[in-house]
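The following pair of complexes shares a single chain, chain A, combined with chain B in the former and chain C in the latter.
Now for the complex of A and B:
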């Protein structure tokens, strides 16, 4: 019995390390592969995940025993689909289950390839990414290919057109181009959440490298996205790549020289690019939280239940960014607060003390009604912050209007002289003889 | 089943770049990968053995593990009588490489223990480990008696677990047969034969040989000619992947073949296919896979069945401008030198025309120093393009034909690249009906000059240029795309077709107005020409054309909205400052004060008037009580008036009304009193 209790007590901290709002990084990740050979051929990528504390669970994609949830609880915080050819997942997993998984705030990494199955394409389409419908097409770039003495068809591309975002790709510049071999995709223009992280060069196009072009290619130039990310409204993050081999050890270790460029890099940018990207996707970076939202009148400390028009107030909020292990103060100068009723009446930048504390003060507008303090913070790569706090604003009370208006002195004078006259007159009238 | 098929297809895909038909033998990149992979101090002897064995096979100088610690572990395992068979087995294997100082007495103890186990053991794994261990002791300590007296019996007990299809069971009470187990069993049988004190019954041996051939019937094949074994049953404690299964079979067959006389009848192509499978994996990132690959390959290096020779090309992309040679390398799987041989180029053909060979039957020269076979110069008729070269290995010594597997004719795709001559580029604006040239510009496509043109919808725009291979033949590139880009970033893409060497595209704007959405304005003309074999692929701005198109009719399709810049969605918004209502205009204070003075004048006039009239207060009651009433009444009045002043100065309506109620009642009471008294006195006065 004592042993059992001890066991439970020791298990509690292990159980508590799983995903929670306080620790937004993922912990348990399910990796679905077509073949266990991927585990070995892509081991550097998996090792970089494992070394950062992720618990990877490798399963064959058609294993009949795989499941994402049990008794309504999700078993994993993230899903890696390295199974481009899979036509049907084993177990209870299907495209809808994966989308539900994302809808409940979990992360997804999908790698397709030039024989990607309809299932993988369907999942990508649901995420706002449309792979080239031509099944034989690959991304070909006759001007931006990676120089190689053994691959002559220019489908091995050296791409260096990255998204300009330190939060997604890390603050260290990626010097070497990234090797890519696979299919291209385009982004659904109506989807505002999907972002191109790695774009093809203007000379690239998506077509069958073996046959001549008979019609203009459907995907062309820098509108081709090679790697895209999506941050859903619930802050679930998705990475979609058109190439599985770009995650492989071979691409990680191989040197790269972009055609037409004299510099030859000893190591491709794949490892840095994909490792940094995985940090973002798995919520080790760019995850914000806002706490201690406070507002009060200038000179006071307590939060009032109502403001009067023209009051001066102070608003403050603390914002922190998750670094993978701790919450660090978030420093930016573009956090804005809105004082909002139907539309913003006041929109002001918040000042900060570089320790995560953001504050400002402003005068309540001379319009009464039910207002909201709103912080809508949507920045490229960061989780969106959406804070709203309702507060009513009342007009002046009857006794709060100005009393001694100099312009009204003649009226006051008239009234009081009248009253004094009345007093004198009443005495005179009563007692005069 | 589906797993296997999908897995196979997938693995093939992974390997595609490696072995369309050629695999590279193990090279230095493998060695450096091994040094990186086996850096950690291995926790178990099995891992230690795998690391040591890999380093031994690849002959890497640096030793991966602290040998002293490992030796201590070996001694500890061998010394204890209770250590499991598996640990003893791997301890002996490690000892075989490290040569730790183990006493003969220790060996003797183990040998006797193992001999007892061999006879009692019922599961394949127990027999495998004990027979294997005994075989290892035989090598390591020559004076210890390890020979099995009842070798035939042991042989039989292993053989009893075999299945008709060549696979093996792990134990007699386990009905599942496994390919992996077959490998273990064959290795154990090999061990038994080497340990036998008397001759093993040759009939039994030949039955096993037939079993091996049967086992190879179940071998699976990739499209590129790589062979492998896959474990059919996924049931059981651990699932073995195709790599470890294949590697187990290879190890078993090699061990068995090494100790039996006579040849095992396996085709050389199968052996070569297996070698291709192992090489095709590339550099595994997993230590176990790495070991399985390297160890299996070491069996291909020297065995009694067949030694595969791997033909590889350092380069498959040949540049005509650099005049590079076609180089071919022939090695064994681990990269050691092949026996004397000649590489023959049987034929070469263009991928487009399979039947017309451009080169036939040519022998490659051999360069002793670099160990490369090379074709000096490509003949004139090899122009830029993609070709398939069919190569064949011809061994000089006819005897070695039986020893080596060469794989017959090997198809190698070769890309021959070169600089394409681009010339006679011109761009012209034509009259629609007559085709008269209105404006005409010649362009140097290699330069940077741009043309500026203007046209209306009744005119045509014609662009033409010529492409020619280095040998002056027609060249049709994979990508010849013209892009018209409107100012509003709307793009239109056209393919440029050719007639012979001349590429030409004509835009008849009258027919294109609809496609261009009737958008007048400046269009950029961009031309992209590229091909896999074209070294000077280019994409450049040719110029601008100012188009004057008619107004769009009402029903015309609207142009699509231009793509939104994703960065713009995220920036901060402009600040909003609330505009407060302006206070009403008021007169200056002085003016108000002047008016205040004016307002007070009538009151002063009233007081002066009263004094002038000579008012007196003689009617004030004289007696005490009415006088008190009068005083209180006037005090009440004064208090009410004062209250009004206070109401202005500070009080609010509610306090004022409350006080006013009290004061009003008070004043009314005394007012009534004094007024009735005054009325009484005046009526008395009247009546008097």
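Now for the complex of A and C:
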């Protein structure tokens, strides 16, 4: 018994750190599969997650005991849906529960397939991604297919049309093309948060590879997205792929040669592409935090409760990026602060000392009212920063105006001469009787 | 040419007529008039100065000019009330009119000093 208490006591600090809001990376991930065979056929991908400290919980998607939350607390920080054919989840999970999971700031990885169910399609549609409505369609590319020993139907395509973003795909360039076999999707044009990470080549189209093409395919060319990501306004991240097999060990390890290209790569780009992408989706990269927002008058250190018009002030904020283990200083030269009342009166770039400390100084405009210091930082791949701090600005006090201005001496003289005149006149008026 | 000289003569006649009529005014009213002219002249001088150097201490300019204008207005009020020919104020003692004038001037100059900057 004493041993058990000791064990619990030693576990408490470890458990506490897992709830720390200061560590944005997900730790506990629920993986829903159609069949436990996926666990071994896609083991390389899962291993890369586990080696980075993620705690994977494999469940069958129709397991009646699965649940995302208990007593209002989410049991997981991330959800991986490797169950493209599931029509109905077991337990209490449905599409609305998964969207609530995302709405509360958790991450989601969805892989569909050429027999993707309506449920998976519905989840994708809610995220701003529309899979081809033709259930038999796959992405076919007769010019950009991956060369293989058998001629095949050109549904196994080698794509290298990546999004140009170091923060999403890592700074190391992905040399080998990525193997893809599955269904294509288009992005909902009204959704501005969804990004095409891997798009099909201009010669690709989405149709049933087994039947003759009678009508023009609905999805064509590079408007087809193969892999997309969404960063929601609450900074939850979603990855949607039209292919489950691209995560498999077979695709990770197979060599790739794109049709028409002389170079044959020994290893496809899948492993690097999907590992780097999972780092982004699970908040190991591109997650910013802003702390220590400070402002004060030049030459002072205390934050005033009110500024006067034309005061000189200094503003500073610290911005850090989560590297998966620690908070690293974030270095950029495009962070701006606004001094805002209905519209920005001052808009200034913040200088930084390469240690995450951003600062600037400016003069309060000659307008009084209730202002805000605002930092709105939205960059591709980074979580959005939105800081607002309210501060009132007052006009000069009655005794703060400039006195004895030389240019005003004639006016002073006039006013005093009127007073003197009044005395003289009064005397003359009274004695002139 | 003849017409011009006759116009000049008319003007001179007119001026003389006005001057002789004004000469009949009691001395105490003449003193008030002189005081009003002094105030208006000072006001005009300040307006010219403002046109030359700009409006910068605008509150000082306003108080300077308004003190002159206010003084002139109060003096004119006093003149109306102490004028013997004005029947409207025949029941009002000139001492009472002068007391009003002093009080109003005190208030005026208090405000002006406050606003002068």
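Criterion: the second predicted complex is superposed on the first by the 405 of 433 C-alpha atoms of A that agree within 3 Å, B and C clash if a C-alpha of one lies under 4 Å from a C-alpha of the other, contacts with A are read in each partner's own complex, and residues count from 1 in each chain.
Please note the rule applied: contacts are C-beta pairs under 8 Å (C-beta built on N, C-alpha and C of every residue); 3 or more make two chains touch, one makes a residue touch a chain.
Just so we're clear, the structure is a prediction, and the values are computed from it rather than from any experiment.
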For this session: Would you check which partner chain A:292 touches, where first means chain B only, second means chain C only, and both and neither mean what they say?
Result: neither
Problem set entry | First, second, both or neither for A:407, with chain B first and chain C second | both
Problem set entry | Touched partner set for A:234, first chain B, second chain C, both or neither | neither
For this session: Answer with first, second, both or neither: which of chain B and chain C does A:323 touch in the superposed model?
Result: neither
Problem set entry | Touch count on chain A, higher of chain B and chain C | B
Exercise. Looking at the overlay, does A:347 come into contact with chain B only (first), chain C only (second), both, or neither?
Worked result: first
Exercise. Where does A:428 make contact in the superposed view: on chain B (first), on chain C (second), on both, or on neither?
Worked result: both
Exercise. Which of the two partners, first being chain B and second being chain C, lies in contact with A:62: first, second, both, or neither?
Worked result: first
Problem set entry | chain B versus chain C as contact partner of A:417, first or second or both or neither | both
For this session: List the residues of chain A that touch chain B in one complex and chain C in the other.
Result: 403, 405, 407-408, 410, 412, 414-415, 417-419, 421-422, 425-426, 428, 430, 432-433
Exercise. Within the complex, which stretch of chain A touches chain B?
Worked result: 34-44, 47, 60, 62, 83-87, 113-115, 140-143, 148-154, 156, 164, 181, 189, 192, 195-196, 202-203, 205, 207, 209, 212-217, 220-221, 223, 245, 248-250, 253, 259, 310, 334, 336, 338-339, 344-349, 363, 365-366, 378-380, 398-399, 403, 405-410, 412-428, 430-433
For this session: Name, in rising order, each residue of chain C that touches chain A in their complex.
Result: 27-28, 31-32, 35, 38-39, 42-43, 45-46, 49, 53-54, 56-57, 59-61, 63-65, 67-68, 71, 75, 98, 102, 105, 109, 112-113, 116-117
Seminar exercise, completed: Touching chain C in the complex, chain A uses residues 401-403, 405, 407-408, 410-412, 414-415, 417-419, 421-422, 425-426, 428-430, 432-433
Exercise. Can you list the chain B residues touching chain A in their complex?
Worked result: 2-3, 6-11, 13-14, 17, 29, 33, 241-243, 281-286, 289, 313-317, 386, 413-415, 417, 476-479, 481, 483, 491, 493-495, 528, 530-534, 537-539, 561, 563-564, 566-567, 569-578, 580-581, 586-587, 589, 592-593, 595-596, 598-600, 602-603, 606-607, 610, 615-620, 630, 634, 637-638, 641, 644-645, 648-649, 652-653, 674-675, 678
